[in-house]
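What follows are several structures.
Paired with chain B in one complex and with chain C in the other, chain A is shared by the two complexes that follow.
Take a look at the complex of A and B:
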């Protein structure tokens, strides 16, 4: 029975199948909202699934000189990293299925793995466009990872809990802390936009400049898995921010808790989409400059506020 | 970005409005007057002077002999640029630019129109067989048949309908 429950948790809900369906749904929502913001019609609801299936059916070529082993291993690895991170985020209950003290660090690590995987994918593609995309991806990683980790640290500092579930439970029981963390939420949303490589931070995959950047030489199943990994990354990132900054989900019960989960993640996705709709792509040097000049000081300020709060006002 | 997000209120308003997309083919835009669509010939007015064939910048017109002393232009619509030069050049106003713009078809042969009304067939000397056996009309063969060498506008090798 226990093994069966574990299998259901990992594979169906809230594991892989749910994440797959929700990732495709969020991709559709993002594309539809983006289109509507631009006065366009937007794709029908099954479009992301149709894209995925179409890519699976296409021929996949490994270019001469590119590393066969990396081409084989990296796409499933990206999906695995992101899907594993989702197991530590609470979805419908107070505790995520595999929570433990310290899983904030594990989630942060698992979420930064896809970027490193994209770097390796581009680097070993034997293609100058891919190399440029790959180097830009890791440069961008340096820029947004610092503020993102700093602000994710905030709820952990203030609650004394080092698990996502614990920090989110603390935030839920002290709702007055949510306005205090708004600066952190803003920093986290912008940094998440960078992590997901979306406009204005889609420099590594600047279609008008370097074809498809890191993903230029990937097609068929491999590209399908990479795209799935980026979609899932958006959901996991949104879920993480929702649980850490917006008060999380439950323990009002599994069904209302799940509804809160959906609402809060969709709200974060809405913010990401609006950010995408009103911005233009910036250069890599502008991006690093922006992050170091504005995001990191803002993140540090947020942490200082929380430290002061913890030291003087909270038990 | 001067003030980031200045566009946001207006952008959010777009969500509530109807999209600006024209859902072709269910909705179509109104074509303005003077719209240059498919050129068609009025065989009654045509005198066979071949000015249209000379003036066409795309080399999309070929005058064929239907009967002794009866010459009429045929149009290669896959080559036509819809510029309207033939209609403008014609001294008898025999060519009119209609408003037809949905010219999709699945057969290369049907893009060649020979003198509407008569449905005259392409002269045998102008026909070529391409590699997979489909018979089509080629401008290069026409060049060979008439012996004219001053038409350098045809692309090297094949005419417009040679690959099917």
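Take a look at the complex of A and C:
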């Protein structure tokens, strides 16, 4: 019975299947909203799924000179890393299916794995566009990862709980902390946009500059998996921010709690989409400069505020 | 990272038409750049030699999908000069109106493309939506959205009736309002400005030395505009300003184009309000007396030059087209050097390259030795017969 429950948790709900469906839904929502903001019609609801199936059916090509082993291994690895991270985020209950003290660090680590995987994918593609994309991806990683980690650790610092579930529960029981954390939320949303490589930070895959960057040589089911990994990363990232900054799944019971979880993640997705619609792609040097000049100081300020709060007002 | 060679083209998402830019890149910095053309050569000049002047217009209209009116006006002006033909004032005004509407649609298109090149797709979608307004006006005036086919030797082929004039004026008002909005959006968006300012610098000296033309040259402080310097159509009767800025970067090129939009709106308004009465065309003889002529025209992208030589028959002996993009390519290659890889698309786009206009030549090279080859007309014909006979 217990083994069966665990299998359901991991594979169906709130694990892989739910994440898969919700990720494709969020991709659709993002694309539709983006289109409406641009005065376009946008795709029908099943478009991301249709794209996925279509890509799966395409011819599988590993280019000459590229590393075959990496080509085979990397795409599933990216999906696996993101899907594992999702198991530690509470969806419908007080605690996520799996949790332990310190799982915030694990989630942050698992979420930065895809970027490293994209780097390897680009580096071993043997294509100048891919190599440039790969170096850009890693350069960018060093810039946004620091502020993101700092603000994600904020709730853990103040609650003394080093699990996503615990920090989320603490935020829920202290709703007054939510406005205090707004600065942190803003930093996290911007950094998440960088992590997801979306405008204005879609520098590693800038279409007009370097074709598709790291993904230039990828097609068919490998590209489908990479895209799925990015979609899932958006959901997991949004869920993580929702949990840590907005109090997670909700105050009451599993079903309304689940609805709250959806609303909060969709809100983050909405913010990400608006950010994408109103800005142009910046250059890699501008991106790094922006992160070090604005995001990191803001993140440090947020941490200091929380530390001061904990020291003086909260016992 | 070591030095690598990056090919941009012949097929690349940043280029809407085939051309090859070869970049020597050191990390993210462009060290050297070369350009290679000839992928879009269609033999239009040669084809003109076996067509009557009237049929040439049809062919020349198809040199470009954006500035089709520019090329036909340039050609018709040249033929009219050879014939010693004076076209009616109303025809000159209608040519001017269509020319400025074409400039408006070309500049709006460019603004959208510039947005797309730096990843600001929202601007792209908005400008292209409103570009439909001017496309509709052009369709209403000429019956066509792209190849207006309004020019003929001796005047224009369609008249403007009062209801068309009124509708055009209304569309122009709306467009002007929208342009103000885009100006506000584009200059207010920090990321967009960060991508334009100080990028693709070209000094005035370099622009003059490398013979840059059009908005590209005017953004580097070169005060040239054929409309004012060598007036044609009705430009000597219409007041307008030539926009010149001396910043020399991509931002300046964008601002020059946006300010030119306002000038174009005023020109169209003025021309439509002071449209003279009378016929729209005079009859032109079929045979053109021997002679040669160079005709100049300020296309949306810069100075367009047509050279026509006639031999007294009804077909031209030689037609040569120098499109503005060809004049701008050496200068843009210069302005790319020392820039970032990320700035390549927007810098190349800043001349508004039109390669189907430009490609008037194709180089034959031996595959093994790489040496240049020549083919005579007979050889080419027999090669063509062999190729198609397979």
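The rule is short, and it goes like this: the second predicted complex is superposed on the first by the 313 of 315 C-alpha atoms of A that agree within 3 Å, B and C clash if a C-alpha of one lies under 4 Å from a C-alpha of the other, contacts with A are read in each partner's own complex, and residues count from 1 in each chain.
Rule of thumb we're sticking to: a residue touches a chain if its C-beta (ideal position, glycine included) is under 8 Å from a C-beta of that chain, and two chains touch if they have at least 3 such contacts.
Being a predicted model, the structure only gives us computed values, none of them experimental.
Counting the residues of chain A that each partner touches, chain B and chain C differ, and the larger count belongs to C. Using the contact criterion defined above for the overlaid structures, shared-chain residue A:129 touches chain C, although it does not reach chain B.
With both structures placed on the common chain, the touch criterion links A:41 to chain B but leaves chain C unconnected. Once the two complexes are laid over each other on the shared chain, residue contacts for A:278 go to chain B and to chain C alike. Of the two partner chains, chain B is the only one that A:33 touches; chain C does not reach it. On chain A, the patch touched by chain B and the patch touched by chain C overlap at residues 37-40, 277-280. The touching residues of chain A, when paired with chain B in their complex, are 33, 35-42, 274, 277-280.
Of all residues in chain B, those touching chain A in their complex are 1, 4-8, 11-12, 14-15, 17, 19-21, 23.
Against chain C, the residues of chain A that register as touching in their complex are 37-40, 128-129, 131-132, 135, 199-200, 202-203, 206-211, 277-286.
Across the complex, chain A is touched by residues 1, 4-7, 12-14, 25, 28, 115-123, 125-126, 129, 189, 191-192, 194-195, 340-345 of chain C.
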